[in-house]
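Some structures are shown below for you to check.
You will see chain A twice below: alongside chain B first, and alongside chain C after that.
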Partner chain A sequence: MKGVVLIALTLASVCSAARAVPPPKVAIDAEQRLVVGRLAAILDEEAVARQLESGLTTTFVFRVEVAGRVLGGARVDVRYDLWDEVFEVVVVGADGRGERVTLAGRTALATWWSGVEFVVAEQRPRSTPWPRELVLAVEVVPFSVSEQDDAQRWFVRSFGESAARTDRQVTDPAERRGDSLEKVLGVLMATSIQGSALYSARWVVTVAGGR
Partner chain B sequence: MRKPMPPEPMRGRRRFRVHALLVFTLVAWATGAAAQSGAALRLEEGRFFLEKITIEGVTTFAPGIVIAESLLETGRVYTEGELRDAAHRIKRLPLVLDVEFSLKKGSERDLYELVIRVRETRRWFWGFDLNLAGWSEPVSVSGVETTNFTESSLALVGRRFAAGRYGVVYAALGGADGTMQVGYTRHDLFAGGGFGSLSLAGSDCASDNGQPSSPSDVGDAGCQTELVGLGLDPTYSNWSTTAGTVRLRLTLGYPLGGNRSLRLKGSYRATESGLRRLALDTDPGRLALFSDRYDVALNLSWVSNSVDDPVFPTRGTLLEAGLDVQTLEADLFQYDLSGSPLAVAGASRSHQLAALATASWHWPVGEQGSFSLGGEALIGRSRIRNLPGYDLELLDADVTVWSASATAGYGLFLKQLRTGERWRELRWENSAQLFAGGIAPSLGQDQVPHYGGRVTTGLTYRNTWGILRFTLSWVGLEATP
Partner chain C sequence: MHRLTTVVIVAAVVTAAAALFQAVQSRLSDAAFAFTVHPDVLAQLEASRADQRELARLNPERHDLYRARFDTLATTVQRLTVLAHARERLLSRYNTILLVVFAASVLAVASAIAIRQARLQPRLARVRDALGALAKGQTDLAVGVGGRDVVGRIATMIEETSRVMARDRQRLAALQNLSSWQEAARRQAHEMRTPLTGARLELARLHDLLEATAPGREEAMRQAARGVEQELERLHRLAAEFSSFARLPSPRLERVDVAALLGEFVATYGGAWPGVEVRLGLAGPAWAAVDRDMLRQVLVNLCDNSARAVAGRPGTIELDVGAVNDMVTVKVSDNGPGVDPAVRDRLFEPYATTRGLGEGMGLGLAISKKILLDHGGDLELADSSPRGTTFRITLPAVARETP
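Our next item is the complex of A and B:
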């Protein structure tokens, strides 16, 4: 009996290891921003794959955290056009810049996904360098993000105002982060008030590069 | 079923986009969020012409119920937001645990088939709710003793049966309304997605051991205790039944479009005998016996509901505003154990007409948590006749009644398993509530609590069979002259 249990446990751990998704790459770019790339192969996760094929919008919300404190985030919206058989994709980074691409089919999406890079946190104050390790989390949310705009604006404005208040206490102009915080919260809140996450993952990643 | 219409012409779409752009620009300007914000760049909202709607995963009741509750119909264009609202409406059905929407190509370009995949609850269902509460003031529950610690529990087991294309019949033992209840719910009433629900409950209050142990409880032998609202009984009294009770409930809902609806709720309850006890009376000897009691309540409300889940709400808003009419009548026999003779108070009547508004908002916090804010306000007029007060006098007055409460809550999923046949959720739930209420003039009821607070923490477990809840509360009451 013990042997059966041991075999079952071994098989379970092997299966679990096989299912483990490798972490994305997080690096510091030339402008001292945090950039995420080499995105993990979560598109093949059952719930994600089903939603991607649903013809409705799938939103990927990325968040970087240190000790539970959110440093930044980014959002990727994907919708499959059933008739044109293309994926419409919009990426919005923490710098507020966006990219819109149209990809012909699942293979093209997977290729783009593994190669895309975007900013998840803007430049930090000189006195506080980026940590060597941080947590990168992703949530996959169904449905469009363009509803509930009132709630979104309320959140963005509330946090924006609180960021502005914090901003006034900062003496170094280089440390004024109010704007970027508002952008980050805009990115995050716009999606996180939507539907329940279909899938979520967290990785502890080592930050590559830096000063 | 409507004949499918061709999708909107390109010109119409372009006009829509121009309007959308204008609206967005104005909104961005007005809020100061500006287009440079990350929220500004997103996919245009999807708009889909539904040619067909298919329901999957429904085995225990009629698929027509899902379609009726969705308020979706073929031959129309829906935005993704409208589809999401429809998904939330379906998920609020007691028959449904979860729902998933997906599209398929239709028969022609730009026509779609909507596939609604439903995860059902079981035919058999159960529920158990246990609350242990500490009180800042000693309260009476039943009999002649007071306590600072109360326990209330509720157990329920029942079964649902499909009844026709849009109906569900259920029967249950236990529950808040009595030891036995039967009910029938009909969807797609009024030919437009309305619904109606009728239930009949009875309890026999079989033994003394079944007495309730909380100011609002159903004892284990069907004896019911209720803390009656200030508008019907301004003395803050418990009314405990000692005999059988029959209760009839009727709810009708009529959709007004989107998440909005009109709702009419009615209730009639009759009981043969019981005990009325002033909840905060320090003199344990004073109480009143009652007989031939009945109460009627009618509530007509406008409701806007975008909450995603009725048990574990994590996002969305619930707004209700309406009129509330209540009547309570009973023959009362006032009794003082300290030696005063039994006095007949006679027939007592209370009527209340009030405006009532409630609101709650829910937001997710992090991956597993959610934060809620809520409030309720009531103001109305009450006519009270021949009701014994704290000093054994009979109250006879017309008063203005008001009450308000505010609640903040935080919930955190400790476990969420939603795969295949396995469905389990365990949530830690916390809430803090402040409440206040009163009548004017005060009628000399100085012991009536005018404000207070309640803090509650507990665990709730849900699976495909039912819900198990265990909570601890602390209730602080403050009476002011």
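Our next item is the complex of A and C:
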């Protein structure tokens, strides 16, 4: 009974997500790989659109699953260069090939985004063909790991700034202990600076060109 | 139950304090963080960043400077943006750390109190025991509670008090002893001086008579000689009394029905004290191992004391005998004025007496007590009031004699 309720809730959430954003297209290309395309709707999501020009790297993580098993995935990093006012986009597909594109402005990004296709799962043996339906999940993370690390380091430094502000020699052991405590607290706090998804969605999609 | 209630109350108070602390500091930290990543701050930084870019365009010679400033501002905005994204996690971590520190502080304080209490309890128990011992009159106490806190200071005070008590008691005992000896010496001197004076006077008279030629001289000489003999006899009796006290013989025990012995005593000595009626009260068969003569001596001593106490008015002395558990009890009660409180505590000590000089040495009760202790029994003052005095003799009971 509990299982049935869980499945119902999962389906409901999937359906609601699907209603909100039209699902991307998942197809099998000529090399029998899974390819994702038609992603325009994701970029139009309010939270995503607001984040794109922050100067931070917005990462789109795609994942294809069947019955909870991950078949493959891909990543698209979008970073707006604030000085040159261009989008630098890096696509890393499941085939391991990275494509770097520079796009001059939001319109160019939207145009490119609506037409881009990339591999999310590599070719399978002929004996195990692609299923007709699978789950495509996407998560949009607002900043990259390196940006997160930088913010964490900056945060830890700012914790110790009260001691570093003055050039005087610290001779009091109690004050030294205080500095150490600040560092420990800074690290404890900084480790909580982690990116959580700005936006996430899951769709049950029919594989175009599949059995 | 009381301790459980206390624990529950303390836990509730600590929980309430923690909740209040959490609520207040959470709001304060929220506000503080909101200042740090306030949208206005970010907007101003972004505007400054845009200005740098514009300045670089307008002033290409200083491009690098403006670019560097631009990058710095951009980085700062990005870092603040990252913090803003992680705002909920940061605040949650901050609150958790504070709550943990608060809980650890409370735990540390509670542990310190618990440890202190655990250490305090046995010390308090020792102080309580020491106070109890002090109340019972024990002296030279060692409480064995160290420390310079209140408990330690109280323990030290108890020890000092007990030492002072011990010193005072020793001093008092020494003084009492000295006083007893002085009294004994005074009484002995007086007892001896009286017959010696009498004998000396008689001898002087005898000496005068030897030289005189008056008629009746021989009869007067005989009277003087008898007087000397009487005074020497008094001295002899005095010496005998000392001797009997110094060398009391061991009792020759025999199985005796004490009730029957008391009956014989009343029959024999009932009229020995003029104006005093000696009578037998409750008397059931009560067998004990006693020396008849010694017990009789004790009874004579007690009755003699009672008779002196009721002197000058009609008096009664009642003898009761009974058996309690494995002891035979004899009570000697009179209707005298009671024992003088001044001597009550040392009533059985030698030379303790309220009688005047020349009226006895005050050895009777001491000898009587010694006799009964030698029997395995005791002699005690059972009761004393203005309506009368009761002495209680206890003797170990034995099985009745089979005919």
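Note that the second predicted complex is superposed on the first by the 139 of 211 C-alpha atoms of A that agree within 3 Å, B and C clash if a C-alpha of one lies under 4 Å from a C-alpha of the other, contacts with A are read in each partner's own complex, and residues count from 1 in each chain.
Please note the rule applied: a contact is a pair of C-beta atoms (placed from the backbone, for glycine too) under 8 Å apart; a residue touches a chain by one contact, two chains touch by 3 or more.
This structure is a prediction, so every number in the text was calculated from the model and none was measured.
Colleague: Looking at A:Val207, would you say it contacts chain B, chain C, both, or neither? Reply first, second, both or neither.
Modeller: In the superposition, A:Val207 contacts neither chain B nor chain C.
Colleague: Check whether A:Ala40 is in contact with chain B, with chain C, with both or with neither, and answer first, second, both or neither.
Modeller: neither
Colleague: Quick check for you: in the superposed arrangement, does A:Leu56 touch first (chain B), second (chain C), both or neither?
Modeller: both
Colleague: Which partner chains sit in contact with A:Val26 here, chain B, chain C, both or neither? Use first/second/both/neither.
Modeller: neither
Colleague: One more residue to check, A:Gly98. First (chain B), second (chain C), both or neither?
Modeller: first
Colleague: Of chain B and chain C, which one touches more residues of chain A?
Modeller: Tallying touched residues of chain A, the top partner is B.
Colleague: Pick one for A:Asp77: touches chain B only (first), chain C only (second), both, or neither.
Modeller: Only chain B is touched by A:Asp77; chain C is not.
Colleague: Residues of chain A that sit at the chain B interface in one complex and at the chain C interface in the other, please.
Modeller: Dual-contact residues (chain A): 54-56, 82-83, 142-143, 147-148, 151, 155, 189, 192-196.
Colleague: Which part of chain A faces chain B closely enough to touch in the complex?
Modeller: Per the stated touch rule, the residues are 50-51, 53-57, 74-75, 77, 79, 82-83, 88, 90, 92-94, 96, 98, 100, 137, 139, 142-149, 151-153, 155-157, 160, 182-184, 186-187, 189-190, 192-197, 200.
Colleague: What residues of chain A sit close enough to touch chain C in their complex?
Modeller: 54-56, 82-83, 142-143, 147-148, 150-151, 154-155, 185, 188-189, 191-196
Colleague: In the complex, go through chain C and note every residue touching chain A.
Modeller: On the chain C side, the touching residues are 49, 53, 67, 70-71, 74-75, 77-79, 81-83, 85-86, 89-90, 92-94, 97.
Colleague: Chain A touches which residues of chain B in the complex?
Modeller: Going through chain B, the ones touching chain A are 27, 31-33, 36-46, 48, 79-81, 83-84, 87, 100-105, 109-110, 112, 308, 314-315, 317, 363-364, 367.
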